[in-house]
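Note that chain A is present in both complexes that follow, paired respectively with chain B and with chain C.
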Partner chain A sequence: MKRIPCTGCSLLCDDIIVRSDGLFIDEVIGACLKGKERFDQLSSSNRILSPMIKKNGVLEKCSWEDALEKTSEIIKSSSKPLLYGFSNVSCEAQLKGIELAKVVDGFIDSNSSICQGKVLNIAKNTGITLTTITEIINKADLIVLWGANAAESIPRLLNKILFSRGKFRMTGREIRTLIIIDPVKVASFNVMGVRDIALQIQPNKDLELIRVLKEECCVADSISSEGVAGLDRDDLKRLILNLSEAENGVIFIGQGVLRPQSESNLVGELLELVQMINTKQEKGRISLIMMGGHFNMAGFDHVALSTCGKNGGLQFDKHQLIDTDDNIVSKIDNEDFGCSIIVGTDPISHLPLSLSQKLATKPIIVVDNKKSATTSIADIVLPSAITGIEVPGTAYRLDQVPIELKTILNPPSNIPSDEELLTKIIDKINKS
Partner chain B sequence: MEMILNTMRMVDHDQAREHSLGDEKSLEEHLPIGILNPKDFKKLNLTRSLHLTVSNKNGQIIVGIKEDEGVPQGTILMPVSIWANQLTSFEKNEIIYKNITVNVEASRDPITSFNQIINSIKSN
Partner chain C sequence: MELYKFLPKTNCKKCGKPTCMAFALDLLQGKVKIDDCPPLLEPKYKKQYDTLKELLGAEEGQKKELKIDVDDDLCDGCGICVTVCPVNARYCPPTLSGKAPDYPPEKHQLFQVKGGKCELLNLEYCRRLEAQGRERECRVCETYCPRKAIKIDYV
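Now for the complex of A and B:
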């Protein structure tokens, strides 16, 4: 029996008990369905166990030597390699990814740049008040899920933050108020009690709501009798009362809030609202947590910031970091790349069709441990060990706390970790 | 009928799980699905044996149908997946995964297969 953190999502639950005979996992205790499935990946038939190179349109198994040779050949013959993903790998692998980008004068970005990284970029102007899961458990009296389907995307989150008893919240759930703001009655609505506030807002009306709340912060009783965004005036008054009187409130920001800036500065205005409330507040404060899904999405932001002073969109030229406003979307849209190196993610599934089509026009090298839409069109597939089960490392939890990942089994067929694999690619490129 | 498409992560329709543990059949069972309010289901004259053609200027897909009272009228929900991403787009370097205008119609045609989508990406 061993207690290890789960890498099924960004909550990195560190209370999972795993029983193993050293060859197989016999039992997983304490994980949610999503976490249990992370462990099931070990023996899945979709697991990639051998490197593969595409020949005559079909991926064929090959030796590591041939795969690394071909990888180096593609990268060296490409003028602008694009490196993308890195949110499902350890910080150590993320660091190697940045080193590889530097060696090959490439561009590197993580999934965060189309997700929570947007909040960090906006917060450069406004500032941001963050908190930790431990502080929420011990002190929070108000939890707001805004456009965040916590029950389905981070299944054990509510269990930890809402139902747990804390040092200063000994009565646990009874003293915590849950507010959900979402146009869809998502699964999280099902845990609501009588003191909670369910706000099923009209689609795309979040900005109106934020503006009314900001106004109400300045001038009390400014909410019109019809309410706003399909929400009742009394519910809105209860919302503002809870936000302004919470001792320790936290707003979880989900994908529903991460709208394009070209549509509206929704995140910026939300950050301003939180600042306004905190300035007015005399006894407490409201903090924010971003709900990135991948287990180490926050890690790339930290690694990139600490090594390059920028949390994503890193362009190297003559082995030096240069200024750019590009992100993964603009690089692909402008076809400003010669090949792509995709690490631990599936852009062909999660990017819009027109971007997938452009990505597919250039050679694709995938580093991953399982099949995906991207591996199905890749030119080279390099298998890596499963981080947090077969290889250790560091990952940043969604509350920006670093967690040490452990191992319970050795990887099959001596498959390297993402970090080792990226090191091998760098060595091969440097030697050839 | 014009509707608003929102993509969402859902535990029962999870692309990461299907790619890790499932096969093409389970991908096609769980991911190409449109979830509608029962009132919209009626408005579109749908029956359980029919499918939905969801289209906009970005693309077109045929998906299965599910009803859910929690979905607001005028909205169609789809799990985050390669199917939904045939309809998403981007603007000023940001991807638009929510509030996408789509046209939704009943269809007797089969659900768009994974291979059809992969081939359309490869053949571009």
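Now for the complex of A and C:
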């Protein structure tokens, strides 16, 4: 029985069994609810099956010719197009996206820039220790979830990192210590055992905790008796003991740490803390993994880095890459764009209201396979095939490992893949 | 401990066990019956005998039948029960990402995730029925379910 990778989330589980009769998917075995929903999109009522153009405020079906003609018209007529998304498409399509941005002199950015891209940007200066899921399964003895709700955002993650019996850790759960640092008592707390440490930190006090831990790294017994950020002194001592004695520790950083912070450099301080612990301890090391949500969020960073030498936030001018510190948020906030091309994501429901209102004032072209809040206000909607089910490709897992996606079924006859569709748009613009 | 309170606590060894505590433990596991303790049958322990009968009655009265309930509304198919179940672990082949269940399922396999929900295949090989001694008290699937969707029950 063939096992295929699932594109439900960034974990890209490669042990999913799918039974299909060539037209529909019969059974999905091994996938979580998120993965199953992804496979269900094939025949869902939410699927877009023909291109649509907005006429008199209503989206109407049209032919591919008209849709592509209108698309190139909008892009040509407006200066500074904004390309955003690219986290739910294959790396090949991301490459085409960058090419499109180059052709139209646009700004291209992915969801990563408001998520894990921040860590990579800061890591350029400080350095970062990464690890892979297989390494964790085989060797890890300490798992820290920092502001990451693994049980609810990536359902199978805890299963793999905490419960799997690896090569060198035959007993699985028993040998691994779990530490959760979170202000809310999330579902992940339910898998806690006796040796594990639950740290219910006060909201927005992560920086204090990191500074105290750093101090403790340099001078032992420097934690004040009343503790910090609502945490007990003994718990903190156990935390630092676990961190500095772990042979293969992993810190999963989730949205709690990655969330936008105006003043503090939380991620930078965390990276420094990890480095301090790693220099101090002799037995092993602590590594980091960023918990992205979309299945190929890590991919865009790699594609952009290998083609342009910069991860995310690429601004082209006169078909050349120019240096800029802008990201998607500052671009939309300054209304520094003429139209937007959204590929495989739903910014209207992800971004704050103030930003989505500004985004909606300019023409929007959406490339997606399902209806969303963004497609409902878009000017042009271009359907594409579902990557990982109908078209193959490459995607990067959350631990920066490339996984080859496979196909199960053929896409509907008139629906191209993201890559083909972007190529068509580039051709259309080059011709006209 | 609850049962021990109501035993004579004389350590008379008439039941064949070294102490009353040992007898209480065996009583809990269903290896012996209340009537196996001769002093308890004497009239002065009548009240304690009745209380013990009542305490054990709930468990001993009907035939115990193991039931594992999986709540479909709560379950999100994370598959922790599949990985953590010691019976599954024994028979599942190792893959790159830890041990994964085979398909079609092995005959010993207890849990399987299908269509995003966990489903119970068979109970015959559950440790609570098969194993001996302390392993019989296995509750790992219930303990580690992050959604609290699994309930082990006797009906």
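Observations on the model:
Keep in mind that, in the parts below, the second predicted complex is superposed on the first by the 426 of 432 C-alpha atoms of A that agree within 3 Å, B and C clash if a C-alpha of one lies under 4 Å from a C-alpha of the other, contacts with A are read in each partner's own complex, and residues count from 1 in each chain.
In this section, a residue touches a chain if its C-beta (ideal position, glycine included) is under 8 Å from a C-beta of that chain, and two chains touch if they have at least 3 such contacts.
Because the structure is predicted, anything quoted here is derived from the model rather than measured.
Annotation: superposed three-chain arrangement on chain A; chain B versus chain C shows no clash, the two fitting side by side.
After overlaying the two complexes on the shared chain, residue contacts for A:133 are found with chain C alone; chain B is out of touch. Judged by the number of chain A residues each one touches, B leads among chain B and chain C. Once the two complexes are laid over each other on the shared chain, residue contacts for A:356 go to chain B alone; chain C is not touched.
Of the two partner chains, chain B and chain C are each touched by A:155.
When the shared chain is aligned, no partner comes close enough to touch A:94: not chain B, not chain C. Using the contact criterion defined above for the overlaid structures, shared-chain residue A:166 touches chain C, although it does not reach chain B.
In the superposed model, A:188 makes contact with chain C only, not with chain B.
Once the two complexes are laid over each other on the shared chain, residue contacts for A:37 go to chain B and to chain C alike. When the two structures are aligned on the shared chain, A:311 is found in touch with neither chain B nor chain C. Across the superposed structures, the minimum distance from chain B to chain C, using CA atoms, reads 8 Å. Where the contact sets of chain A with chain B and with chain C meet, they give residues 33-34, 37, 151-152, 155, 187.
Residue ranges of chain C in contact with chain A, taken from their complex: 75-80, 82-84, 89, 94-101, 103, 112-117, 144-148.
Those residues of chain A lying in contact with chain B across their complex are 33-34, 37, 40-41, 44-46, 114, 118, 149, 151-153, 155, 183-187, 189, 200, 202-204, 255-256, 259-263, 293, 326-327, 329-330, 333, 346, 348-358, 360-361, 370-373, 376-377.
Partner chain A is touched in their complex by these residues of chain B: 4, 6, 8-11, 14-15, 17, 19-23, 58-59, 68-72, 74-75, 77, 80-82, 85-99, 114, 117-118, 120-122, 124. Residues 1, 3, 13-15, 17, 27-37, 133-134, 137, 151-152, 155-156, 158-160, 163-166, 172-173, 187-188, 190-191 of chain A are the ones touching chain C in the complex.
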